[in-house]
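Scrolling down, you'll hit the structures one after another.
Two complexes follow with subunit A in common, the first pairing it with subunit B and the second with subunit C.
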Partner chain A sequence: MTIFSEAVLLDLLSVAILLLTFACLGSKLFDRYVAYYALQSIVLSAAIALVAYYLGAWDLWALAVITFLVKGVGIPVAIRRYLIIRLELKRDVAISTGISTSLIIGALLTAFAYFAVSPSSLPDGLIATSSVSLSTAIILLGGLCMVVRRNTVAQLIGWLILENGVFLGAIALVATFPFIVEAGIFLDLVAGVLIMLTFVSGLAHRLATTNASELRELRE
Partner chain B sequence: MTLMLVILVCCLPLAGVIAASAGMRAKGIGVASAAGGTGAFAAACALAVRVLADGSYAAGGGTVYIDPLSAFFVVTVSAVVALAGIGSISYLCVEEERHALSRLQLRLYGISFGFFASLMLASLETGNLGLLWVLIEASTLASAVLVALEGRATSLEAAWKYIIISSFGVTIALVGTLFLYYSANELRLSPDQRLIWPALFGNAGALEAASLKLAFLLAVVGYGTKVGLAPMHTWLPDAHAEAPSPASAMLSAALLNTGMYAIIRFKALTNAQLGSYGNGILLVFGFASIAIGALFMVRRRNFKRLFAYSSVEHMGIIAVALGFGGVLGIYGALLHTINHAIGKCMLFLTSGEVMLRYRTTIVNDIGGVMGPAPVVGTALLLGSIAILGSPPFGLFLSEFTIVRAGFTGHAGLTFLLLALLVVAFVAFAYTTASMALGKEHGELLLPSAPLRFIGGLPLVVGLLALLLLGLWIPSGVNTLILRSIGAIT
Partner chain C sequence: MLTAVALQILQTTVVVVAAPLYAGVLARAEAIVQSKRGPSVLQPYRDLSKLLRKGSAVSENASWIFRGAPFVAFSCYLTVSAIVPIITDEPLPLAFLADLIGGAFVLSLAGFAIALAALDTASPLGGLGASRTTWIGSLAEPALILVFFTVAAVSRSDNPYFENHTIANSATAYVLPTHLLGLVAFFILVLAENGRIPIDNPTGSIEISMIEESRVLEYSGREFALIKWGGWMKLFLLSSIFMNVFVIPWGLGHADSFIGGLQGTLALFGKLAICGFVIVVIDSSFAKLRLFRIAEFLGASFLFALIGIITGYVIGK
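Moving on, here comes the complex of A and B:
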């Protein structure tokens, strides 16, 4: 095995995705959130393409292209145009936990993910063993983004990061996942984002804010 | 022929979508939804009869798969769709008359109601656990539109909470599905077969134990979010209270059951490989839900939230019954599923009729419904008695079965269950009795006579069905439940 085998490359790409998640967690500007998400999705599509090349599977090539077009370009552009520019979102002030605290929590979660799904506990035959624990960490960090941010747009991006983590886990763990199911997941994702876009802009009109912490009329 | 029925079941509810897209008014959309739902129910019954006669049906390599368990859930959910469809007629017509809903809103209602129903029924008809996930998530999206329909700030807020919490939860269920797929690594199945439930169940002994455990846990947490198991239930009261009442009926009586169906599928695989591993987990989540549901029912001011917490409680009871396990436990769980579905559907439709008359959901603003609206008042009173598990209604029988199942091995837990049921009973009955009986007060706006008739129809049908199920379990239902137990053990 050469040092630049597919497995090492896939691990490196996973690390890049994890770092971009941290970057998003450590940022306060809406522009950055979307940019990091877009970049992360593009790296994810490269990772999928790598696995597709390794396995010679046409459906994974298709998945890589769809990921690039939908997650890397379509969704970020839509969020930017319809939410960030239209609602004039700049700085995210509705963060419940300080940036440094949430970065520390994120580091702990990453360590936890590594021990919970440590590469040594996974059986042989995986393409890249570290990617599974890295994707677990990304899923947890996506959840953390949703928890510490109270702004609805930021929560939406947190969910999208979580979804990216699931996809990375899927290609690392179960690269042969049936294409029809993956296509269905994509359809749901797109429909979900569209509906959330409508809701958030609707919420903004009604409440003149997209801050979920002020969504407390339903407290009882 | 069977395939035809399968297609009819999941496509007939789309009648409402067609009517709405064709630009019909409230009456047309309502009647089309009701007809579609009733047709789907008839087709579902025919499908169940065929499955009982010919055994499980599979097509497309298991992509379409109907065994007695799916037939049972298809019948239950389509019954709810039919009742809620009929209930939609009076809701839409009255709100159109009062200009409370615009034409766009009417159209959105027809479209999302139809898609919601059809996606849920389709998810019960597939044997592919990946597609099951896709269809359940898609039905979440369709129903979120219904929650937001009335366009108040509170309903948008509830819809946002619903969609973000459910999507989060369901994504966790997707991770569970991935681990299940992974646990079938050793099975020498083709990739397309590795998510097909019957293929997995047939080889359950060879599933890899550690990842199967993880898959089950993640599925319970993920789909449990849809079921409304505590502590993942937080979206549920808001969404149920803010959605239009026929949609609340669908959420509570159909959507929650669809999530429970997914959990049952995962549990069957876990039981086959790991014995009673899954039971303890379901007991914990079940008891947490019953406790939260019962305690939050105490002195609720909003009666739709009261009904919603009662759904949390009942889903907890079903989870506990599954956790007790054994033939008796599963029998009780399935019987309770159909009873609760009919009872809660009918109660939410009743709440809709009350709201059409009083235009409020605050308990204290309503009193003596019995006087000006005897049918609605009676439905409210008897429906509450039924949902609380009193004889002679069906829920008494199913809760009794569950308690019996509990006493064979979990006596202490069963006493806890009974104590919590008493709390729920007092809290719930206190509130609804004061609404139905009590001194007459509150401003009243009666709908026209034909609408009152059509609005009362599903309430009476639901009550009669509950009474029937309490006095005598039809042999068809009994066989269907027993065969379902056979299919998953």
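Moving on, here comes the complex of A and C:
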């Protein structure tokens, strides 16, 4: 077995993505939060490129490039320019559980994901079975980001992290699904981000805050 | 057998003699990075010889704990220097004494003795330092145990020599995420255990913000020399374990050739130069953390090790 077989490299990249998810979960400053998300997307595009190289599929190469451009550069720059700078967001102190607690919950979720999607339960013939478990963990952690953060912008990025996890699982499980489906997912993603940008800007305009806990007043 | 005994003596001698030099080189390099000239690399030796010639003043309220602690701590570090892989990759005659967990136990025994001595004279700063160090230790300990578990997940043993052989002989084992995450987690612990930035400033002289150093403010003369020497040996030992067991497992001598041991010593100096460079870069580019952020920093180490173990469970070997 050679050292840098595709499986080993894909495992390493998946672990790097998982660690960057934890970095997102544990960062208080918005700038870093977005930067970690951008870095995570770039590592994800590297993982897709690796699978593309392994399978020799041109559409996966295209997917890797689109991932890099849209998620690694486009969305982070848009969030930074239209939300963080315009709304003057600096730190998200409104975390409902505290950083340490949310990190411990994240570690527990990771362990749960590993037990739930253990590699032995997956079919043979996958490129790297452990990436599927890791992607499940990333999906759960993205959800956790949305739950523990109070600021809608931070929740938006949590949703994007969750989406990255779905993508990693997709390329590890069924790397051969048609290109049109992947392109459709991307279109959905971009549309979703646009809607969220508009929504959050509107929210900030109306309430002068993007803190989601203010929304609870609607109940009364 | 005779060669092994000679190597055993050589190994401990290297640790005892070269530890002040390592600290001196680090201090000098740090000063150069910060555009200062800095003290000579031999300054720690001069400090030692000065302190060893002086008598020591002991508070009249101090008990035998205060007088005995430096000797206990120093002999703990001597013991560890006999059992871990420093210049050879095969166990020397005394290596049967303890595995990694035993070594960690002996190291924390030294810390415990110094903390007791700091409390013994009832000086407020000593108590402050002892309580802070113990608090950090209580955060670092779980992470350290988990790092040992990552070692066990890679090499199926908690013996440092097994781990060294496993990752030296197999590139696959070296690039396992479990091993790499354990490596990062252990490096954070090396910084924390030695009171380097971002946990504590080793050159700081403001009593109220000191952590490690304020425990030993009461000491003077010979005892202070032993304490300082012990601290340098701890840094030397942990850096050597980090390099030999986690980062560069190659270049060590065998237990049957004395020349190999000497070459291993030279290789060790090269490895420590790399490790020292990284420590100097971190020292010069980060600020000290606020006290309560230390928990998050060590939590990161805990998290790295935990994810490493879980990943080891998923990926297997």
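In this section, the second predicted complex is superposed on the first by the 218 of 220 C-alpha atoms of A that agree within 3 Å, B and C clash if a C-alpha of one lies under 4 Å from a C-alpha of the other, contacts with A are read in each partner's own complex, and residues count from 1 in each chain.
Methods note: contacts are C-beta pairs under 8 Å (C-beta built on N, C-alpha and C of every residue); 3 or more make two chains touch, one makes a residue touch a chain.
None of these values were measured; they are calculated from a predicted model.
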| item | value |
| --- | --- |
| Which of subunit B and subunit C A:Gly202 touches, first, second, both or neither | first |
| Which partner reaches more residues of subunit A (counting touched residues only), subunit B or subunit C | B |
| First (subunit B), second (subunit C), both or neither touched by A:Val174 | first |
| First, second, both or neither for A:Ala191, with subunit B first and subunit C second | first |
| Subunit A to subunit B touching residues, read off their complex | 121, 123, 125, 139, 143, 146, 152, 155-156, 159, 162-163, 166, 169-170, 173-174, 176-178, 180-181, 184-185, 187-188, 191-192, 195-196, 199-200, 202-203, 206-207, 212, 215, 217-218, 220 |
| Complex contacts: residues of subunit A adjacent to subunit C | 1, 3-4, 8, 11-12, 15, 18-19, 22, 26, 99-100, 103-104, 106-107, 110-111, 114, 118-119, 130, 133-134 |
| Residue numbers on subunit B that touch subunit A, as the complex places them | 128, 130-131, 133-135, 137-138, 141, 144-145, 148, 151, 153-154, 156-161, 163-164, 167-168, 171, 174-175, 178-179, 181-182, 185, 191-192, 194-195, 208, 210, 237-238, 241-242, 300-302, 305 |
| Partner subunit A, residues of subunit C touching it in the complex | 171-172, 174-175, 177, 180-181, 295-296, 299-300, 303-304, 306-307, 310-311, 313-316 |
